[in-house]
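Multiple structures follow.
Each of the next two complexes has chain A plus one other chain: chain B in the first, chain C in the second.
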Partner chain A sequence: MLKRFCTLAALAAATALTAPAALAEEPKSGGVMNVVIQPEPPGLMLGVTQNGPTQMVAGNIYESLLRYDTDLNPMPSLATAWEVNEDGTVYTFTLKDGVTWHDGEPFTAADVVFSADVFLRETHPRLRVSLQHIESIEALDDTTVRFTLKQPFGPFMGIFEVGTMPMVPKHIYEGTDFKNNPANNTPIGTGPFKFAEWERGSFIRLVKNEDYHVEGQPYLDEIYWHVIPDAASRAVAYETGKVDVLPGGSVENFDVQRLTELDNSCVTGKGWEYFAPHAWLWVNNREGPMADRRFRQAIMYALDREFAKDVIWNGLGNVPTGPVSSKTRFFDDDVRQFPHDPDKARALLEEMGYDGTEIRLLPLPYGETWQRWAEAVRQNLQEVGIEVEMVATDVAGWNQKLNEWDYDLAFTYLYQYGDPALGVARTYLSTNIAKGSPWNNVQGYANEEVDRLFAEAAVAFPDENRQSLYTEVQQVLVEDVPVAWLLEIEFPTIYRCDVKGLVDTAIGVNDGFVDAWLDR
Partner chain B sequence: MSTAAASPRSAQAQAFRDFWKRFARNKGAVVGVVILLAVVVLAAVAPLIYPQSPWSMVQRPFLPPLAVDGFLFGTDTLGRDIGAGLVHGARISLLVGIVSTVVALTIGVTIGALAGYYGGLLDDALMRFTEFFQTIPNFALAIVLVAIFQPSITSVIVAIGIVSWPPVARLVRGEFLSLRSREFVQASVVLGQSNLQIITRQILPNTLSPVIVMASLMIAQAILLESSLSFLGLGDPNTMSWGYMIGAARTVIRQAWWMSFFPGVAILLTVLALNLVGEGLNDALNPRLARKGR
Partner chain C sequence: MQKLSFIAKRLVKAVFVLLAIVVLNFFLIRAAPGDPAQVMAGEAGAADEIFIAQLREQFGLDRPLHEQLLIYVGGIVTLDMGYSYRQQQPVADLIFDRLPATLILTGTAFVISILLGVLLGALAAARVGKWTDSLITVVALVFYATPLFWIALMAILLFSVQLGWLPGFGMESVGAGYSGFQRVLDVLQHLVLPATTLGLFFMAIYARLTRASMLEVMDMDFVKTARAKGLPPGRITRVHVLRNAILPVITLAGIQAGQLVGGAVLTETVFAWPGIGRLMFDALLQRDYNLLLGVFFVSSAMVILFNLVTDVVYTLVDPRIELK
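So, the complex of A and B:
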């Protein structure tokens, strides 16, 4: 087992090294990159703030022990090698030698222990949940760190993403009030770019870290992150050449096609594999016809999900087979399939004796795309004879209705964070049924079998055992249809085609600028 | 006997012929009536020419006009037939226009009549109340009302009714003020008619001409308001309307002009027709006023 991981690490390292060569192009150094950031981040200290825009900018200032390729395999970053013991409870990381912070201080194992065990435990709610599985974190020497787990924890190798576990400098933060430390305004990391200035409401400027620990990188001299509050203005900024990159979600979907048809304009849906945004319809399992499994299956047959992908999302994304995104680990498509089949839907409705009860549909109030999507879904459902009434809502109303379970069908999407134990189980565990949150088991699905499988799979070891448990749970869930899965969303990143190497990892532009270069 | 029964009827017919003669003197008004009739007929037969729901996705999206037989106006971003949207939207526009005007007239005429007839403190109170509504911009108030009540066809109609009545109230009050001291009203008082009878039987019928003219313009105004609300996404999400069609197509106007153009033309024609008809009615009902204007 120990050997297997080392090989994997070596393999990953090899891919990382050969990747630029495979392009048969020598990266050029120099140049300034202009990028849109939307909305303006509240802060750039990644250990304290973990908003989307903060992660996008600060992911290039800070680093973690690992990076992940688009298949979520770990790649070396601050750690160059890692080992695990036979029963999956002790992980030992070897850190890179000669890494320094932006202020010149050396980065050592003590910083890792401080970051994970002290700083982030206090400031990072999502990581804190994973850290509960960890018994101790120790620095064996300056370049070796040992994590001892209470029991095997499947997603462990996935929590070293920069937004999840950013390394923060011990020499600046030890013994201070982390959240209010004035140093948060001038973030110090180990990453390829250093914070230079921030003109509030206008731009954030990062400059090249000349002492970066990868020889010759980064290639760019400067990055300007432009704050442009209006979506149409962002599109125009790209059209006029003011910016070179529009990260996912920064322009409206309906503009994507027009912008990608411009000269020297490329688009990619990659770079979201770690987050794997998964969209579905909440189906209130407690009430009316939705309590009948046949009704929920009928909904799945009634939906024309391919149409929604092609027409509403411009062909980006995948139609999911079930609760786990195909990008997330332990995905299995060996489950019941639900193609668009109105006749089967009608037959199921007939069989259960659906009496024409009117169903309320709550769209996600995030703009045109989601509104059109709700209209298409309503039409799909009406065509098989389900009476649907769309409810108009704003963001606050949407939150409130889901918090109070006052809905029949409702749109949503959630991130999966690479592992079912982190991003999937939370939606289906019966222990997660509680009013007051739109992100837990809102549909009220309770199945002891599913609870047991998820619990076992989270701590099973090695991966083969996890896979068989997750395959089983996917099969059970897809048969039960607790929610109606709609789409594995890909938020398109639009960029000039002469921007190279930008989106090569599972978190895309969030840590992409280390490898990015301009072919000009 | 037969002559006695026939004469009022022929007198009515004669009155209508006079009315029509005066109305038809305004060529624009006749054009307005023709357009309006066409819209009404289309709205009435909508389920016959487009039996499917206007929300049905029936062809491929972004189909330009005339590209495929049977899709005269093309399709929208989801492949819904714009033609179906136009005729079904006509039903909603007319429904909202007429019903909300009835609501506004009911409120406005009641308040105006009471204020004008009784005068004094009641008049002061009602007019201050009216001014309170007049000081708030119509559209802003309508948006707030719809947002509070949740967008639905009923809340849209009520909101438009509530923001449209003050001018009616002021008009009716003015008419009542000038009519209540006339001899025929005094005669009614002497005859012992109750206040209610005097208001409804004696004065109100004499104020109707300007109210009818105003109502026709209010329908046009209500259609515009409904379209604006739907354009902003505050219409009933379950009914297809012209404003919604433009609002939904706004984002693709550079790729697909037809999606917003045709509903825009529909609104333009309908509102224009109502204005022309209103002008014609004004000519026909207030012949002296109209001639003075020429």
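So, the complex of A and C:
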């Protein structure tokens, strides 16, 4: 199956098609929504802090130029129109007229230039990688911004998601120490909700932005984000009706079925299309039996990934065919397949002469779900004769062990951000082998062919040329098994069925509740 | 006068003990794997060397360890506990914001446990060998032995989910807009489950301790003399036995009081109570050095203070004890 990015000309049509679906029922205005947030975010200034909980709350306060539908097509947000020149190096955005910041100041093209070129270049390590492809960002007038690229950059239209490029107010931040600006405690954005109060350890309250630039929206009056540290207590909070929404990952997976069987309770695995969280086992390619490709292939055959999906993840998600998620652009499943086949695994181990060396397995310290998953993996590996020792750590310890390459197998999951150049290549490029980060080529895989294919694919133009390069790189990687791919995760969002318009876009509850309303 | 000079000496000693604790904690937390820059970079979902270096510089982690220690101790001497870079707030603000919630919870649990515990212990001792004694002993043993988080979860399931009588999480009804007496009532409702859960464990200890201590005293000659003089049994228990048996209870109360500020990690976690215990636990997971050291500092100071108070209380209860 191939997934192609629509051409710009088709985008407006795609947007027009998705909008009426969301509006099938007449939304009702008013009401308060109660949502769980876990863990408590360290701050709400999305330009400064880029972790999950921050985005989940601040995605309501801040906006970017675009949003994305569940097929990753761009939708208008602060930009209403966009065009690209013939060779894909100049993109011109027309901004929405009459947009104001929460403090009443007008939002203009100067804010876009400041946000992307000054503020985020300093504070946003992930965006910084993409910004290296950009020659200049200019405000042509108050509502027109031009991005000139050094060369075509395939994923360019995908970097305008709110967590990737949040617009920050120039009039507040220009010339200040961005990270320590006291204004970070009272975030000002253009989004549908305004920051109201934060009782640390208890709740965060956002209120409706009465001057929001979309007429009649948002529908909700207020949102309360409740900080409830214990997973079982979060489940109880939902069960007793104190909260309306449990965003993905709020409760342990074994509670999901019980909670969704309650009255007026719904569940969806949607809303992860842009992030496409991809889970795998890091396999330390440098040492011991893991250095042998046959050993890594044996691991793939040994793992019963369908079982993990069905039992540990309640059937949500997909078993991946390789490094690129089926939700991400340029996915191709024309690769070697690894069904659960313990006999093949044993044969490969025998062929390579595996001597029974014990392997250390580092689970992700994110709670019971991940612990159980690790136990299932250990059982799978022991079935084919690989001895496994589990290593217990907390989050800081897990980070350090990966940063120092002190592991044999380790669980992780990473976001793909819609495009292999943004979220896939970083794991396999040999130039990304460096201690000190759990997000680069931690396994130590080096293949010149792969480096070349990824480098060419990122800047190839148009998309047809990118596809053939990405198809080839997927085939090479799946053959080499630099890491053992486990699951395309869909974290279940559990919510009251009378909450409408909650998960309509590719980033789900992270996109703010601009379209959400209560049918009560 | 002797008492005042004793207290003054102890306070001077306390300053040195506190400094030693600060230094020890400083190295202890840094001995744990990982550091705050790694944790924050990990959470960001992407991290290059520049980003991590920026964080280290911002946190002062790029300086030599002895320099970091000097800066920290220098701050503590002037009662400046530093800045939590993760929470982007001064440590003192974070701690004192959470302190009232913790004190309400642990203070209530303290009162519940000591009153109920001593009462039940005394009752058991007075009726030793009878069914009241057996019942109290068994109940105390059960609460002493059962994990706190399990009692907490069961209490939530029963009183919050099944019966719907009491709220199961938080310190007050968020968004209800209560004020004055209504708000107090609301907080009290939220307090019932966590304070009782936390109180039960200590209640069990007090009950067992009081019972054992009273039985020991009851066997002493002066009690026999009191009985022989024909004093009423109630008076003997209250004035002669309980007063003499209470010293171990005061010791334990002193220890518990010292922990009041440290909060109750498990109870606060299960009941989403916004207190210090949870703050400390999060700080530990996130390797938020300054915040963690700040909480340790405040709670150590309280332990030292309450030890001193306990010593003074001894002399009030038992005139034979002198402070030297």
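The rule is short, and it goes like this: the second predicted complex is superposed on the first by the 489 of 520 C-alpha atoms of A that agree within 3 Å, B and C clash if a C-alpha of one lies under 4 Å from a C-alpha of the other, contacts with A are read in each partner's own complex, and residues count from 1 in each chain.
One rule holds in what follows: contacts are C-beta pairs under 8 Å (C-beta built on N, C-alpha and C of every residue); 3 or more make two chains touch, one makes a residue touch a chain.
Keep in mind the model is a prediction, meaning the values are calculated, not measured.
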First (chain B), second (chain C), both or neither touched by A:D211: neither
Contacts of A:E25 with chain B and chain C, given as first, second, both or neither: neither
Contact breadth on chain A, by residue count: chain C or chain B: C
Partner chain in contact with A:F254 - chain B first, chain C second, else both or neither: first
First, second, both or neither for A:E350, with chain B first and chain C second: neither
First, second, both or neither for A:Q371, with chain B first and chain C second: first
Contacts of A:K179 with chain B and chain C, given as first, second, both or neither: second
First, second, both or neither for A:E479, with chain B first and chain C second: neither
Partner chain in contact with A:Q379 - chain B first, chain C second, else both or neither: first
Chain A - residues contacting chain B, complex: 252, 254-255, 257-258, 307, 311-312, 363, 368, 371-372, 375-376, 378-379, 382-383, 389-392
Residues on chain C engaged by chain A in the complex (per definition of touch): 32-35, 38-52, 58, 86-88, 94, 97-98, 101, 153, 156-157, 160-161, 164, 167-171, 174-175, 268-272, 274-275, 278-279, 282, 285-287
Residue ranges of chain A touching chain C (in the complex, touch as defined): 32, 34, 39-40, 42-43, 49-52, 125-126, 128-129, 179-180, 184-185, 199-203, 205, 222, 224, 226-230, 232-233, 236-237, 239-240, 242, 393-401, 403, 414-415, 426, 434, 436-439
Parts of chain B lying in touch with chain A, wherever the complex brings them together: 53, 55-57, 61, 77-79, 150-152, 233-234, 236-238, 248, 251-252, 254-255
